[in-house]
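Take a look at these structures.
Presented sequentially are two complexes of subunit A, the first with subunit B as partner and the second with subunit C.
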Partner chain A sequence: MSVFLARRFLTFLITVSGASVIIFLLLEVLPGDPALTMLGVDAPDSAIEALRLELGLDRPAPIRYADWIAGLFRGEMGLSYVYKVPVTELIGQRLAVTLPLAIGAMVVATLAALSLGIFAATNHNRVGDYGVMGFSQLGLAIPDFWFGILLIILFAVILRWLPSGGFPGWEEGIWRGVRSLMLPVFTLSLSLTAIMTRVTRSSILEVAREDFVRTARAKGLSRRAALWGHVLRNALVPVLTIGGVLVSAVVTGTLVIENVFALPGVGKLIFDAISNRDLMVVKNVVLLFAAIVVVVNFVVDILYALVDPRIRIQA
Partner chain B sequence: MALLSVEDLTVELQTSRGMAAAVRGVSFELERGGTLGIVGESGCGKSITALSLLGLLPDGARATGRIELDGTDLLSLDEAALCRIRGNRIAMIFQEPMTSLNPVHRIGRQIVEPLRLHRGLRGAGAQEEVLRLLDRVGLPDPARRINAYPHQLSGGQRQRVMIAIALSCAPDILLADEPTTALDVTIQGQILGLINELVEDSGMGLILISHDLGVIGETVDKVAVMYGGAVVEQGDTDNLFNNLAHPYSQGLFAAVPRPGAARPDRLQTIRGTVPELTDLPPACTFADRCAMATDICWRQVPKMAAIGPRGTVHQTACHHVEGVG
Partner chain C sequence: MAQTETVTTEASVAATKPDFIHRALRHRAFMIGLVLTGTMIFLALLSLFWTPHSPTEIVISQKLKPPSMSHWFGTDQFGRDILSMIMAGAQTSIVVGLIAVSLGAVIGVSLGLWAAARRGWTEDAIMRVSDLNMAFPVILIAILLTAGWGPGITNAILALGIYNISVFARQVRGAAIGMWEREFVLAARAAGKGDVAITFGHVLPNIISVIVVQATISFAIAILAEAALSYLGVGSQPPDPSWGRMLAESQKYIFFKPVIAVWPGLAIVLSVLGLNLIGDGLRDLVDPRLARRR
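Entry: the complex of A and B
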């Protein structure tokens, strides 16, 4: 197990370093000088040059890359060009919004998808099944941002149950925070639910045809008991796989959703940072996203082994 | 009264070309403690016959006729009542031990299930019973194996576990559907020997399904030969093996290579192939492959009739076999 963890950690380092190089190079070739963008096109050349010096942009790229990475190992991400505060601090504040949003969406989508998928599979080729599949088709077809706007119109504008956007901050009370995250969470979970429902349903239907399910029935288990006792756990593996893949979709999804609902999260942060050429923020947030995806894949691998004993944690 | 009596059982399955009869008017009886073999090629309806005894036919299948267990017609029972019979009074073991056990559950848990369900055993009592069963089916080191997952066992060991599950509630009838087909030859003998021994000791009835005539000949007292969903010949094993009457049975037996026999240039075969269910001839299902077939075989379903000397049990359904005088 410790060998497995060590190996996984090594893979993590290699993947994240690779990602860091790619991110750095991409930002190097990105048009737009941060100093120029910050001061405006009318600024005198001397001022721009001074700012470039201040930001350290005059130094050669390999040095700047090494500085960045060395900083990361010390737990520092540098200062935001625009806000003049440590990037770690910015990300920390913004995660307080984005993490609950992303985790909430994943939890809602998983619960909904499992219930709907099981319901559809047990009503295979009947009205319930068609209904769920129709809903899922719709969920896949509707763009997130548009669904978000529809929800705002219904729940914020017409019914006035929930705020249309913005985030008061957790210090204003948990309930107020939760209320302002409800619509974003539902919006973000729509397409996730749609995809995972389909996978759950087809996976259950497939496993239900396996020989061991017939064995379970031959022992005298009812259809329902065989489903819960024998089918579900085996059917979970593909759902886990797709769930892991969807986490990256959630990460990028927050970017859109936070803009629709004007939430001060990491997605909004990187969106603004890109517009402002706040490259210090951009590269660190993108690297963070990459790290999250790698870590999630690692967690999914461990979950596989927990669900299916045939999948051994390989050293 | 026979323990199990199947009368005119017909099973229709849903196929892409509509309903097709996979079992056609099958009748047989099994006495308490009796052993019956069902022989035939793949697709002849033997497995479907077995599954219909448990009420575990594929979705959309329709079974008619009568299947009486101690006088109760199983076809008229509801699902809950069938659940009380499955694994309890009629147990089944399957061909593929590799896929017949749940890969994510430990062996012990899979054996406990019927014990809990039908005998209400739990906890230490159940555990003890599982160990006894594993020991009975000859799985080495049961105390350790109880916590093993199926993939940690060999094919033969898994089949022993399947047998332990089937045995757990001391059923009246054991259905064994090609129980040794997927196993190595040496293991086949062991498993067959175990089944024989258990049947003798416990007095349960056995229905052994196989395409392997050798396995059938060694194991059962009575044989039914099936072709195209119908029983074409049945009788006491010795009688039937010595006096094959139906052209299909003769062809089937002739197709078995005999070591030591003078070697003909080619192995004998039955001409043609088994037709799709929907393409079977309307009357005698063997008519299109039978060398003796005449007009009547295409027009009239042959009836089961007794043949052979008086006092022996032997019947066949063929227009071209003379009945007993």
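Entry: the complex of A and C
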């Protein structure tokens, strides 16, 4: 196990470092002068020169890269060029919206997917199963931003039950915050639910055909007892393997959904930063998201090896 | 060479049986997918020659009109005909999907085949690069390209293409490794064939079905992603018609004319659904064992 862990950890380190190099190259080296990118071609030379000095762009790229990484180890991400505040502070404020959105959607999706997946598997090839599978097909085909727009039309424009967007801030009261996040959470959970439902269903069907389940049934266990006692705990292992897919979906989803509902989260921050050419913010937020994807994949690998010894032996 | 024709896997045997077409015709989901996708392609091709109105012509006097005989889906805030815009938007979706998936497939399949043929450190290196690629979901790649070079449809294509490289590489490597362990490959090796000859003569022909299924699903994902990127303003730019941007623009009028936000969304859903149904159907048709288990 320790060899496996060491190998995985090494891969993890290489991947995160590689990601940081790619981000740096794509933003600060390949497009040419970052100061020119930030100010635009019409800016006077003196302004560009001043910004170049301010950002330390007169130093060679490898040194700037090393500075950036050293800063990250000290917990510093530099100053936002537009807001003139530390990028860490900006991200910290915005996470107060992004984290509840992401976690809320994961919770809703997990509960819905497990219920739907179990329901479909226990009604295999019957109307209920077809219904659930039809729903998951649709869930995969509906773009989440359009689903969000439809929810706004229904709940904000027609029924007027919930706000169409924006976020008042948690200091305005928990309930007002939760109300603002309801539609975004449901929107984000749609595609997650669709993916997880399919995996849960097919995994239960797969395990239910195993010999040990047949033995349990032959012993006299009812279908229900066999399902809850034997099938489920084994069937949930493969659901773990799509952890990586899910975290990609959540990262992508929050970026899109925050823009649909004008939520002041990290996803909105990065798109505002693109319009404002605030490279310092773009660079650090993209690395943060890429690192989250890599960390979750790493954790999923470890968990998977813990529950299935064959994986770590093969590795 | 005769070996290739006679020794194939069960999966491709199923695919080459003459009754394949008959089974396909009886596969309801596959046929629905075919009709939906066929309609999208037909509308895109038709829009090259004819649309009910010009998809870009601004007629302010006709703005935000409800559906009528002359404008079946109504008009947008600039008086443009929504049906014509949707027809022309299908072109953008198809072009982006085709180029991005081809880019990802050509490079990804080559890398996957190479990894499976060489194993050892070559495979390790390819898989580590693919891990790195997977750390960047499509949208992050598009953000980086846009921040560095400004927005544009090329970013969407490149972002999707780059992302698809690792998707295809992983799929193909897994399937190809399975082939390398089969007896007919051992026989070819014993007959003195090299890695390249075996890869192209025996491995690749037997995993074509895997690649086709993946291409269909990647195409569907590409349509969704292109729409999302254009919605966010980092994909296709005006005046190029795009379903994603139509939705972004319609959202500004959501309190006055919510219906204009419905049509482009429906076009996306039906196209993606069509491709997903084809992908699922193909998987069932080329591997009936899987279909029975599902």
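What we mean here is this: the second predicted complex is superposed on the first by the 268 of 315 C-alpha atoms of A that agree within 3 Å, B and C clash if a C-alpha of one lies under 4 Å from a C-alpha of the other, contacts with A are read in each partner's own complex, and residues count from 1 in each chain.
As a convention for this text, contacts are C-beta pairs under 8 Å (C-beta built on N, C-alpha and C of every residue); 3 or more make two chains touch, one makes a residue touch a chain.
For clarity, every value in this text was computed on a predicted model and none was experimentally measured.
**Q** Is A:151 touching anything from subunit B or subunit C once the two structures are fitted on A? First, second, both or neither.
**A** neither
**Q** May I ask you to name which of subunit B and subunit C touches more residues of subunit A?
**A** Comparing subunit B with subunit C, the partner touching more subunit A residues is C.
**Q** Of the partners subunit B and subunit C, which touch A:143 in the superposed model: first, second, both, neither?
**A** In the superposition, A:143 contacts subunit C only.
**Q** Between subunit B (first) and subunit C (second), which, if any, makes contact with A:105: first, second, both or neither?
**A** In the superposition, A:105 contacts neither subunit B nor subunit C.
**Q** Mind working out whether A:208 is in touch with subunit B, subunit C, both or neither, as first, second, both or neither?
**A** Touch partners of A:208: none, neither subunit B nor subunit C.
**Q** Output check: A:91 vs subunit B and subunit C. Expected answer is one of first, second, both, neither. What do you get?
**A** So A:91 meets neither subunit B nor subunit C here.
**Q** Quick one: is A:310 in contact with subunit B, with subunit C, with both, or with neither? Answer first, second, both or neither.
**A** Only subunit B is touched by A:310; subunit C is not.
**Q** Check the residue A:233 against both partner chains and state whether it touches subunit B (first), subunit C (second), both, or neither.
**A** Only subunit B is touched by A:233; subunit C is not.
**Q** Where on subunit A do the contacts from subunit B and from subunit C line up?
**A** none
**Q** Using the touch rule from the top, collect the residues of subunit A that touch subunit B in their complex.
**A** Residues 210-212, 214-223, 229-230, 233-234, 307-310.
**Q** In the complex formed with subunit A, which residues of subunit C make contact?
**A** 128, 131-132, 134-140, 143-149, 220, 224, 227-228, 231-234, 244, 247, 250-251, 254-255, 258, 261-262, 264-265, 268-270, 272-273, 276-277, 293-294
**Q** Which residues of subunit A touch subunit C once you look at their complex with the stated criterion?
**A** Residue list for subunit A touching subunit C: 11, 14-16, 18-19, 22-23, 26-27, 30-31, 37, 137-138, 140-146, 149-150, 152-153, 157-158, 164, 202, 205-206, 209, 244, 248, 251-252, 255-256, 259-260, 270-271, 273-275, 277, 279, 282, 286, 289-291, 293-294, 297.
**Q** Over in the complex, which subunit B residues touch subunit A? Could you list them?
**A** Subunit B reaches subunit A through residues 54, 56, 79-80, 83-88, 91-92, 94, 96, 99-105, 113-114, 117-118, 149, 151, 162, 165.
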